[in-house]
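You will see two complexes here that share subunit A, one where it goes with subunit B and one where it goes with subunit C.
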Partner chain A sequence: MSDAMALAQERNQIFDDLFAGRIPKRVPVSVNLPIEFCIQYAGQDLADAQWNTEMLEEIFDKACQDFASDMLPVLAFRFPSFYKLLGAKNFVMSSSGFLQHPEVEGLAREDYDAFIASPFNCIMEKILPKLYTELDKDPVTKAMTLAKAFKAFHDEMGHAGMVYGKLIQKYGYTDVNLFAGFCEAPFDFVADQLRGFKGISIDVRRMPDKVEAAAEAATPLMIKMGVPPVPSKHASTFIPLHMAPYLREKDFAKLYWPTFKRLVEALAEAGYPSFLFAEQDWMRYLDYLEELPENTRIMFEYGDPKLAKEKIGKKHIISGFYPVSLLKTGTKQQCIDKAKELIDILAPGGKYLFNLDKSPVTLDSVNVENLQAVLEYVSTNANY
Partner chain B sequence: MNTNYYKTWEQYKAEHPEIDEKQEKAMAGKMQSYEEMMFSFIMFLLV
Partner chain C sequence: MLDMQELTKAVGDLDEKKVLGLLNEFVASNPSPQDTAMVVSACQQGMAIVGDLFDAKEYFVGDLIFAGELLTSAIDILKPVMGGENTAKIGKMVLATVQGDLHDIGKNIFKSMSEAAGFEVYDLGIDAPASAFVEKVKEVNPEIVGMSGVLTLALDSMKNTVEALKEAGLRDGVKLIIGGNPVTEEACNMIGADAFTTNAAEGVKICQGWVK
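The block that comes next holds the complex of A and B.
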């Protein structure tokens, strides 16, 4: 057996134990380095490499060589080709090569009823043409544009998938994929690109019944989107959670939680665990999270790791909390000490995956040597 | 799903009575997979 295969076997066992609630040999390590970070680290041009994706293998390979992780540490899924073909307003590449996500409103306030009546009809007829200018043209142009974009999407995703497979094999990573599926909490789906942050914040106060009905209407779409054809415990549906920390608890309880809980339960029933990214501070919602199906995988950004461990650490698999900001401002020793502190709090009893509180978006988000030192420290010292 | 833009195989078949049993066996999976791929693509554009 090759070294990489032996390593993959060992790592798979660690994740099997983690997901089964057994104490693994050591704390597993994961880091998510986005495409922009990897391109800059490889010294390549952002725009060039995102358009010419044949460069990705070499770019990602360099990140895999230099950053310790049990799981493939690189990820890219937003490519400029299909967004540009569609005339996207929601994902636009800046002159520096970053794909920006401006505040958008895909669903006009007066179209709530159309969305509630048939969300997918409303998406096709009203929302897409509002967000994608090339889909707001005559039928023939629209058909041609959609065909080109669909082809570009599958080319880019297919190529990226092939690169991931090669790197997983080369470096002996676990086959665990926390991003195998992707969907949103129904409320967030309505908020993010349909009503926008500003629009939904007003609607929650002025027309909560419409918001509630729209989240209800979006739920079957999110369940369908989140359930993959082949369920696996080594895979998860990634659900980034956005709006809850900006809501009053009574609005969260009525408008956000019921459909979100139903989504996570439906995925679990289909044999597919969710990987939640609790963005911002979710500490006041820990009792709600406790109600989710056992072994839901939850990554936290901010908050109190002791409280999270105490309230949900016996039921769910916790990760995150490690402040990316410290990797920028701290000394190497301070960064390692922080990792030790979090391991002491979160590792006892298992159900803990080490990773950062968010992805370092750009190379200058961190001191690279600090990041490497922390990953290396945890990989080699966090034994049970 | 209540929509004009996504069809299950059964809905598609009902609109195409010319499809016989032998053809159906050969084509149903592939035809439905394209329906699913387009659904996934459209939804991806909004997340």
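The block that comes next holds the complex of A and C.
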């Protein structure tokens, strides 16, 4: 057996233990280095490499060589080509070459009822043309544009998937894929793609009933989107959570939580665990998270790791909390000490996956040496 | 004459119906510009309560956004009865989301709260290059420059902006505040700003302290 295969076996065992609630041999390590970070790290041009995706294999390979992780550490979540073809307003490139989600309104306030009555038709007829300028055309042009964009989408994603497969083999990573599927909490979908942060914040006060009904209407679509064809414990549907920390608990309890809980439960029933990114601070909602199906995978940005471990650490698999900002400003020793501190809190009893509190978008978000030192430290020292 | 305390409380409670009801009634009574100035001030005090409730973690970002919207509606109602002179500003501020970053929700919250506190805000929008800050600072000579960002890449843009202000000889004439998800004390030192905050209400208080 090759070294890479032996390594993959060892790593798969660690993740099997992690997911089954057994204590693994050591703390599994993962890091998500986004495409932009990897391009810059490889010394390539952002504009070039995001379009000319033939360059990706070499770019990702370099990151795999230099950053210790048990799981494939690189990911291209989006590519500009298909958004550009669609004339997207919801994913736009900034002047420095970073694709971002600006504030958009896909659904006018007066169209709530249309969405609630028939969400799919409303998306096709009203929302897509508002979000994508090239879909605001005559039917023939629209059909051609959609066909081209989906071709581009499948080409890019298929190519990236092939590169991932090669790298997983080459470096003996686990086959665990936390990003195998994707969807949003229904309320977040209504907020991010339909009404915008500002719009939804106003609607929550002015027309909470419509917001509640819209989240309800979006739920079957999100379940459908999040359930993959082949269920596997080694895969997760990634659900990046957005709006909850910006709501009052009473609004969260009524408008956000019920449909979100139903979504995670439906995915679990279909044999598919969710991987949640709890953006910002979710400490107010730990008792809610406790209600989710056992072994939900949750990555936290901010908050109190002790409290999280205490409240949900026996039931769910926790990761995150490691401050990316420290990797930029701290000394190597401070960075390693922080990792030790988190491991001491979160590792006991298992159900802990080491990860940062967020993905470093750019190379200069972190001091690369600090990041490498921390990953190396956890990979070699966090034994049970 | 309307009950100022009741109005302040209604704004603090974000009770939109009540606030707009009170103001419409007030405007219908053909008030003097002096009375209107008092009403504006009562609304501003209500916004200060909103800021305090945010600090106390009773309100959250969504509530601040709604508060900004409520204040805009309130001022729109009051405009016809405002005199030209009662809009004395406490200071000028140039504000933007820095280069490379397209996020403006936090910046907009800070903007509306700063305006509510009496600042004249020059908003350069999003993805603003250092040169745009420099030009605007030259043009309007503000007391304060605010830089906002959500992505970690914003920190470097903030630093570049400070460097550009230095090169143009403008840095020492302004107070610099940075805000947004990635800012920390360490980042603030590295960037060379005078203050940082992840809390719009606190940011406004810092700025008020600077122009006292």
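We adopt the following convention: the second predicted complex is superposed on the first by the 383 of 384 C-alpha atoms of A that agree within 3 Å, B and C clash if a C-alpha of one lies under 4 Å from a C-alpha of the other, contacts with A are read in each partner's own complex, and residues count from 1 in each chain.
Everything that follows uses one rule, which is that a contact is a pair of C-beta atoms (placed from the backbone, for glycine too) under 8 Å apart; a residue touches a chain by one contact, two chains touch by 3 or more.
Note that the structure is a prediction, hence the values are computed from the model and not measured.
Visitor: Which partner does A:Ala185 reach: the first (subunit B), the second (subunit C), both, or neither?
Guide: Neither partner.
Visitor: In the overlaid three-chain picture, which partner chain does A:Glu103 touch, first (subunit B) or second (subunit C), both, or neither?
Guide: Touch partner of A:Glu103: subunit C, not subunit B.
Visitor: For A:Pro360, select first, second, both or neither according to whether it touches subunit B, subunit C, the two together, or no partner.
Guide: The second partner, subunit C, only.
Visitor: A:Leu375 contacts which: subunit B (first), subunit C (second), both, neither?
Guide: Neither subunit B nor subunit C is touched by A:Leu375.
Visitor: Considering only touches as defined above, state whether A:Leu221 meets subunit B (first), subunit C (second), both or neither.
Guide: first
Visitor: Which subunit A residues come up in both lists, the one for subunit B and the one for subunit C?
Guide: Subunit A residues touching both partners: none found.
Visitor: Which residues of subunit C touch subunit A once you look at their complex with the stated criterion?
Guide: Result: residues 14, 16, 58-63, 65-66, 69, 99-105, 108, 126-127, 129, 151-153, 155-157, 181-182, 184, 186-187, 190 of subunit C touch subunit A.
Visitor: Which residues of subunit A touch subunit B in their complex?
Guide: 86, 88, 106, 117-121, 123-124, 127-128, 131-132, 149-150, 153-154, 182-184, 189, 192-194, 220-221, 224-225, 229
Visitor: Using the touch definition from the top, list the residues of subunit A that touch subunit C in their complex.
Guide: 92, 94-96, 98, 100, 102-103, 197-198, 200-202, 204-206, 243, 245-248, 251, 280, 324-325, 328-330, 358, 360-362, 364-366
Visitor: What does subunit B use to touch subunit A in their complex?
Guide: 1-6, 36-47
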